[in-house]
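The following pair of complexes shares a single chain, chain A, combined with chain B in the former and chain C in the latter.
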Partner chain A sequence: MSRLGGRAGVVAFALLAALPAAPWMSKYYLLLAFDALLFGAIAMSLDLLMGYTGLVSFGHAAFYGLGAYATAILLERGVLSLWACVPFAILVVGVYAVVVSYFATARRGIYFALLTLIFAEVVYTFFRYTQTFGGSDGIQGLPDATLWPGVAIDTPVRKYYLVLAYLVVAWVVCRTVVTSHFGRVLVAIRENEDRARFLGYNVQRYKMAACLISALLTGVAGAIYPMRSAFATPDLMLWTESGEFIISVMIGGLGTLVGPVVGGAFFTILRDKVSSVVDWYFIVIGVVLIVIVLFMPRGLLGLRRLLTPHRWRATA
Partner chain B sequence: MDYLVAVLLPQLLHGLVFGAALGLLALGLTVIFGLLGVMNFAHGELYMLGAYAGIAVIGVTHSFWLALLLAPLLVGVVSAVTEITTLRPIYTREPLYGLILTFGLALVFREGARQIWGGDMRRILPPFTGSTPLLGMTYPNYRLFLLMAASLLLLAIWLFFTRTRAGIVVRAAVQDAEMLDGLGVNVRRVFTLTFAGSGALAALAGLLLAPIFTVYPQMGVEMILLAFIVVILGGMGSMGGSVVAAFVIGVAQSLFSLWMNPQRVAIAIFGIMIVVLIVRPRGFFGREGVLE
Partner chain C sequence: MARDGLILEVEAVCKHFGALAALTRVSLAVEAGQVFSVIGPNGAGKSTLFNVVSGLHEPTAGRVRFAGEDITGLPPEAVNRRGLAKTFQITNVFPEISVLDNVRVAAQSRVAESGRVASLWRRSDVDRVALPLLDAFGLAGRRDELAANLSHGEQRYLEVCLALATEPRLLLLDEPTAGMTPGETRQATALIRAIALERGLTLLLIEHDMSVVMGISDRVAVLHFGEKIAEGTPEQIRSDPGVIEAYLGGADD
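Coming up: the complex of A and B.
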């Protein structure tokens, strides 16, 4: 239990579960909370790669977008069950992720970032410019998905609990990974790839596995998104979207898992609030990013970590 | 034969023109990567700022030629200030931070340009019009000028790096900045000036291409992706490789667009990159262990 976060984790999830009961919780805020938690969960799965394995993916938007399209395609054709949409998304994202991770993990450092970016751009270009899946409009006006026949995920509260359930699953997966032997090997690779190789680990295979887990979690997040928004558009795959995932991880703090969840939620709410006031919110976000890199490279949680320097390594 | 002269040849020249300009952009990216270990995501925005600075200068002076001189200088200064204030403090950290920092810079520059100049498409008129008979066809003068200017610049850069002391100092810094520091060279200044130079080159490419393309705040985003592909294809950190790859991509893009719609062309370019990476994982001229 403690490896999954112990009492603090239970309290946090209990508070999140009680959130819809708060008196000031309007429909608008519930959907904002949905976006915040979804973004947080994606940032957390990206943290597996960035924080633990030391690989920066600039192509996570493609996993996200492919997941969203997988669901959208099924919903559009009247296959409404959650239990059909999510496995289909896992299949689609999985096939793509195997190809990308094979090429991207063959090279080190900066190549990984650039290759994931360029592969994602291929996918974006395909969905944006061919009419098969609606071109730049994407797939719009989708019906609500169902949990099982007769129970539609139609109200904001149900949608919120859907994303909360997903966050719990993603949290359990991520925590299990980073506390396992496998997770420790990933950290070893991050710290010194050559040494990990000399110890006999097949480094590329470990990197590919980390990449796949992260991609599939992000893909499932994508699969859930159209169940809230009722659309999937190519913009979900734009590389600036990948950039926003990275920003969320950085805001929260690399290699902490909890940090990126907070960072993703913070980023989503910041974007929502700032963009409703001014139309140059990208400048605000850019400046936030620059300030974080320059002055608090360990993110929001890192502030806390500075007080207890040795306890907090990302070795879980 | 008619097809060759009327269709293939102009398209080939278009490709060379574009490739030369792309080379200017990719070269700066490669040098900065080799020197600072930073993959500059904001490079496309410096390219974009070059075009807008050109528009601003032309608005005041009504001279394209003055703009060609002043715009790179202005962007060079912006680059130098950027380097000193944001990049300098993080050189000792992992390359990851440079990537993320320049991504933030790109957001600020792009949105800043949109706020200052608005989001709509702009055009710069070419400084001269008309066309010249060439190999049995006629070809626009401005494009010929662009090809020549960009090629001469590439040649000048090559001479700079091989024949001048300053160029050799930069190459030495790429090899081993610490040793150079020990030998009494002001490495910080080398970094700043090189960054400014690469920004100026990007600006120049942006302004030179502006009369052919359109100017808008997102114009750098598409170019930077192509420039990344060029740098990867050429072999990370190889300057010669970047130039060769820029011409290959320029010509390929141009010829493909004869037979495919633009979106397929983009996918075909990605395809080329993937095939090259399978056959030669380090690109055309990448050496093992360099900058990995």
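Coming up: the complex of A and C.
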């Protein structure tokens, strides 16, 4: 139980599950909550790479966007079942992720960031200019997906519970990884890649596996996004999207899993709130992020360290 | 095949870095259970020899055989899996994780599910290996400390613990007492020797300080400018005119 977060985790999920019942809850807030949790879950998946393995991916938007297009292509053709869309997305993203992670981990250092970025830009360009997939408009006006025949995921509340269910699954996967022997090797690779090799570990294989798990989780997040938005556009794959995932991990706190969920949600809500007031919202967000990075180097979650002596840094 | 009792055979190994010949036709034969030392002045090619044996560098020419199997050119992780572990001259541990987790990650490299998908949920008990090691090196009380917070001497011991946790048959020690005071050095070499004997390990040791190895070695080889200039028992080496020339005359070159 403690492996999965114990009592604090149960309380957090119970509160999230009760959220739609809050008196001030509206359709608008439920969908904002959807976006916040989805972004948080993606940041958590990216944390497996950034915080635990020490690899910074600048191409997670491609996993996200490919997952979204996988779902959009099926929904467009009348295949509405969640249980068809998600496996299809896993297949598509999985094949792509194996190729990317093989080349990106073949060399050390900056190459991982560069190659993930370059691959993602290729995927973006492909969808941006392929008219079969709607070119720059993407695939729009999609029907609602179904949980099973007759039960459509059509109301904000149902959509919200869909993303919450995904967050629970992603959380269990991520916690299982980081508390396992496998996760301990990832942290060792982050700390000292060379030494890990001399202890008998095939470092590239471990990096590829971590990359694949992170990519699949992000791809599934992408797969459920069109079920809320009814569209998939090439903008989902833009490098700025990858940048926002990275920023969310940073503001939340590297190597903590919970932190990036909070960071992703915080970033989404901040962007939504500020952009509804002013056009130049990115300047406001930029200032807030600089303050967080300068004064809270361990991220929002680092604030807890001031209150408790508990160590949050990943020790596996 | 290995000649009887030989655990490591280095045959006419050359290693060139561009125009620099770091090793020239160096051969060694290490018997199982021995303490074998390689000494030589700084820059003699000792660390390069270790890097070739442990898989970091591929030799330009020559072969390396471990327990009868050709391991020339295999990557470090493959060499380690065959039972050859190495410690580093410059401390090389996992700084931001605890001392115990350092040794655990090394020890779990040898459990059955290591490298398999099952390592995600099956967690073998590696503390059975890790805790006695920490005890033996007096680090048990520091097990929850981050490795980065250990003293220099403690980090040197942790370095040896990591290598031993992978349960090697042959342990390569690259100046294990680097940076220690003479008193600490004597204590450390005695401790390492005792642990190696207890585990039936073969030790291959690099030192630039001749006095460290003379008391504990069964056999000593001397490298000078990338060539082996002598090999024998410590007594033979001590009185070898070529060795004396290399060590005393070397300063004037």
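Methods note: the second predicted complex is superposed on the first by the 307 of 316 C-alpha atoms of A that agree within 3 Å, B and C clash if a C-alpha of one lies under 4 Å from a C-alpha of the other, contacts with A are read in each partner's own complex, and residues count from 1 in each chain.
Note that in this section a contact is a pair of C-beta atoms (placed from the backbone, for glycine too) under 8 Å apart; a residue touches a chain by one contact, two chains touch by 3 or more.
Just so you know, these numbers come straight off a predicted model, no measurement behind them.
For the combined arrangement obtained by superposing on chain A, do chain B and chain C clash, or do they fit?
Here the two partners, once superposed via chain A, fit next to each other without clashing.
Once chain A of both complexes is superposed, is A:6 in touch with chain B (first), chain C (second), both, or neither?
Neither partner.
Now for A:197: first (chain B), second (chain C), both, or neither, which partner does it touch?
So A:197 only meets chain C here.
Given the touch rule stated above, what does A:184 touch, chain B (first), chain C (second), both, or neither?
second
Identify the partner contact of A:143: answer first if only chain B is touched, second if only chain C is, both if each is, neither if none is.
In the superposition, A:143 contacts neither chain B nor chain C.
Counting touched residues of chain A, say whether chain B or chain C comes out ahead.
Touching more of chain A: B.
Report for A:205: first if it touches chain B alone, second if chain C alone, otherwise both or neither.
second
Just chain B (first), just chain C (second), both, or neither: which does A:176 touch?
A:176: touches chain C, not chain B.
Measuring by CA atoms in the overlay, how small does the chain B-chain C distance get, in Å?
For chain B and chain C in the superposition, the minimum C-alpha gap reads 12 Å.
What residues of chain C sit close enough to touch chain A in their complex?
Checking each residue of chain C against chain A gives 54, 75-77, 80-81, 85-86, 88, 92-98, 101, 104-106, 108-111, 113-115, 119-124, 126, 162-163, 165-166.
Can you check the complex and tell me which residues of chain B touch chain A?
Per the stated touch rule, the residues are 33, 39, 86, 89-90, 93-97, 99-101, 103-108, 110-112, 114-115, 225, 228-229, 232, 236, 261-263, 266-267, 270, 273-274, 277, 281, 291-292.
Going by the contact rule set out above, which residues of chain A touch chain B in the complex?
50, 54, 56, 103, 106-111, 113-115, 117-119, 121-122, 125-126, 128-130, 239, 243, 246-247, 250, 280, 282-283, 285-290, 293-294, 297
What does chain A use to touch chain C in their complex?
Interface residues on chain A, with respect to chain C: 176-177, 180-182, 184-185, 187-188, 191-192, 194-203, 205, 313, 315-316.
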